[in-house]
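Going by the order they are written in, the chains are A, B, C and D; count residues from 1 in each one.
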């Protein structure tokens, strides 16, 4: 990884963290409502995966702000969406869980656990059919690996040798349920073994994630067929803003925080790429400024007009 | 296997074959309608599995006449059901695909591919909860192993260590679709490997099936948790009476027929248990007579009264 | 030509002109479809465009959605409506919502073909009708083909539309014969006046249109009145203009559907009439529908569970004569 | 006590007297339920009776059915109605049909708890109402708890019933306060006259009952008429006797529901009134329902998509004054 890319990943991670902290603050202030799922702690995976899977289509879940921004969405447009504003990426219709930008080959944003996986399979079929080589990446949590949609997708992708990268972001919890209580083992890659090659990485280490995803995409581009990648991660916050998060111990959380992806990356920037305090500060300040801008933009953006309520139900209005 | 049991299995296989041939004839004569899925060719599995899983609960599919009879249902009551009569096991409401007898711990009879598997999982949970040891057997086809219900069930049964025997009757086709065209491999036991112990048997050999199911149930009774058993079988007829069956070659079918389970069992009765032509004929004639009786009974049984149309929608009528 | 041939022809024609059209479902390829609707197409267009899927309805619709996102125009076949329940998450949570939630950034030009209804003794798990559920979902168009000519034109229109369409077929109609006017311009969203008449408006769709038509001679003879029979064709949106004109003329409305009366789709039409046409109605509307029971296997019971030409005629005569419904 | 506490108490009481009752669902055990309905129960009854399931709704309902077959009395919780679409095969193809198809040999004493409705800005995939679908299925009882006292009694009754029941809760009601009369005998299938009145019958259920009640003072003041407000409580079967008595008295009927107007459940009630109460109606019935759009995230749009006390009052006043609906 060259220095520029390392800096970029670091910057987007810091930006993501700052963005989430601001979102949290504005949720508590009442500017944002509904379900808000913060990605704090998981930025190492979210940013590196998006950077590594540069070309190709991406599908993900409701815990998506950091991925959306790393993919290229404007923090302003994302924050405005959280604020429910007309200038939001989904014009205030979707909210936190529904960010889409086909121009960036980013397809959300699904609030149904596992629901996006069959969509990603179909997209991968289409890309193969169209002769495009970059493939599709679908990201989901450990909780999604117990649902039928996930398994049907493994089977179809394998039978059809589709250019699809399955990525399980295993943070060990589905809301309050620890994965080992509802699945027979902790690592879900095992479920994919009958169907495809599997890879396991430390999701708290952005560089490892980046390299693994690059490697997987390269294989896919070479016609290898589907691959399953599992990244062990950890969310520092509750599942969503309404989760009291009393089912995990402080120690467990502290162990996670000790491997913080941003801190690891910062250390690497210093040691490997020779960045000093100032260079780091500049990046941090730039990220903070971007988030401040985003909040200011969102706060002053327009409310959608009530007359536009029925926009985009259909392409063609009728009846 | 002692002689008595071998004879019993042989008899039930012959009875099953005769029953199916009679059902086919009466379907063509218009006495039976709807979907009729014949088990001809698969009797080796159907009978032996039911005999082996003597105690415990059984769930199966729409291709179930032979299993139902081997389990202890009266051929008369089954045939009357196919004829849609009031004396049918489901009073003419269910037809071929919906035979139930909780007194025999036989729960159908599901016309939704894979739909019975989660029900069997729940039953297994209940039996464990109730402290009963015999476990549950759920039978399904190769086609069902591509659906979400199947996978969710593997996962749950494994996570909960349920006393459940999964049995895939792999006849290599789901209607006209060969299993290898929609799954990445031919043997579906592979899908269960991450979750539980798997066994593979020749489903055309009743003795092997019997022994495997007995072994599996014994393990389950000892608290082993779920087991997956795959039996390779072959249906000689089309998927149902409406299937022209033009997607398979004659050669393929002839290879199957060369391993006919009834013939194999008959040979064994002669060689291992010393039965002669007469003993065999007596059994065959007894089976034929039972089927003739069943048809005569069904033909002369009552049509359900129209006034009973709404019986059993609910336990308690209201509104 | 047969209804299934009309559907086949529609798919064939659109596939010929648009290479982004793909068909997916169980046995739609080599087998030609369990009702032979896609017969012969795999030979013409290959297995990459006629995709035999595993028995995984959630994926059939879910994959079709992803294909549409990527720029294809998929036609997904559900073998029988009951199995579509396994795909309801994709049909209801996804297919009609992506466009709205993304403020129009995602468009899903796709069709789900949906064979349904009480066929012949297929019993409770193979005999249902789900139009009442599908029409309750904003973002879905729901067409119901009760006629051969309409089947051809409407399926083509559905395949060419940029909105997601559920295209309902009735399993007993596949071998129905009819003429197709290939040059006609058919608006798939317009109701079809099957027979004009001045006295009684009878609204129906799918196979019940035929049963109503079979009942009409008896009704007209017994009552000495003329029936106007309307095939709704588009169940969502409904062509209320055509209904309004008819109700204004006849002062009455009867809705006939195969589905169970409680919860059945016909309530929508009667409720519209009560709200909007109250002062045009000379007598109470009448809903004729199936009984509130799962569909039994036995043929006598099965027929007792749904309207038949005889029961339709008897009910309408009794109602018109003021003997209640 | 709070609505969620009333539900908790009902479950607790039945679990205490019947050891065959088990509760299953996502986070129902250690977490206490995402709306805290099962809080504290795992400590009392253990993890074998409060079963934390994976995110696999098809299995949650499918397993509950198998448990019921084996003699348990399961209460399955679906976290939010939208996710139940993944279980519709079990809810519709299995739960209501096993008994009928087996001619009564199989009985399924089970409850599916079903939190639904437009909450606060949860957007299109978390804000729906499916009573119109559930009530279209013969073999299911559908109860809708709009009231704390009813919630307690009806959930107990549902758990004690031998038929499968879908028990609908509204997500905004969990923190609603109310009195529970523990000694009362409540028939869960009887509608509740929330407020008597001679002039206008307003029928509603779930949260809309509260919104109607909030609108009533304004309506009565503006029109100088008395409203009779009825909470349906049981959506299938419907207590038509109570409705009939009210409509006969007032000569009118208004149905208010949160769901989309097209396909919404209220059409059933209006259609019943049109068919059966036509000669008692002095004016056209009125259906007030949500707009035909997926539910948007933005709060202003969200409120514009569903009835509110203000819009209910305005619509009813306009209608009564003959200014259309």
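Basically, contacts are C-beta pairs under 8 Å (C-beta built on N, C-alpha and C of every residue); 3 or more make two chains touch, one makes a residue touch a chain.
Because the structure is a prediction, the values reported are computed rather than measured.
Asks: Quick one: point me to the chain whose Cα centre is farthest from that of subunit D.
Replies: When every chain centre is compared against subunit D, the largest gap points to B.
Asks: What whole-Å value do you get for the distance between subunit B and subunit D if each is reduced to the mean of its CA atoms?
Replies: That pair's centroid distance is 40 Å.
Asks: Using CA atom averages as chain centres, what separation in Å is found between subunit B and subunit C?
Replies: Each chain reduced to its C-alpha mean, subunit B and subunit C end up 36 Å apart.
Asks: Cα centroid separation between subunit C and subunit D, in whole Å?
Replies: 29
Asks: Which residues belonging to subunit A are in contact with no fewer than two other chains?
Replies: Expected reply: 90, 93-94, 98, 110, 112, 146-149, 152, 155-156, 159, 181-183, 313.
Asks: List, in ascending order, every residue of subunit C touching at least 2 other chains.
Replies: Within subunit C, the residues that touch at least two other chains are 53-54, 56, 58, 82-83, 86, 89, 93, 100-101, 123-125, 138-139, 236-237, 291-294, 296.
Asks: Are the chains arranged, by touching, as a line, ring, star, complete graph, or other?
Replies: Topology of touching chains reads as complete, every chain touching all others.
Asks: Please output the residues of subunit A touching subunit C within their complex, sorted ascending.
Replies: Against subunit C, the touching part of subunit A is residues 57, 59, 89-91, 93-94, 98, 100-102, 107-110, 112, 115, 117-127, 129-130, 148-149, 152-153, 155-156, 159, 311-316, 318-319.
Asks: In their complex, what parts of subunit A are in touch with subunit B?
Replies: Listed in rising order, the residues of subunit A that touch subunit B are 146-152, 155-156, 158-159, 181-185, 190-191, 193-195.
Asks: If you look only at subunit D, which of its residues touch subunit B in the complex?
Replies: 22, 48, 51, 53-54, 56, 58-59, 61-72, 74, 89-90, 93-94, 98-107, 138-139, 141, 161-163, 189, 234, 236-239
Asks: Along subunit D, where are the residues that touch subunit C in the complex?
Replies: 58, 82-83, 85-86, 88-89, 91-93, 96-97, 100-101, 123-125, 128, 132-133, 135-139, 236-237, 259-260, 262-264, 266-268, 270-276, 278-279, 281, 283-287, 291-294, 296, 325
Asks: For subunit A, which residues count as touching subunit D in their complex?
Replies: 33-35, 81, 84-85, 90, 92-98, 110-114, 143-144, 146-149, 174-177, 181-183, 247, 303-304, 306, 308-310, 313
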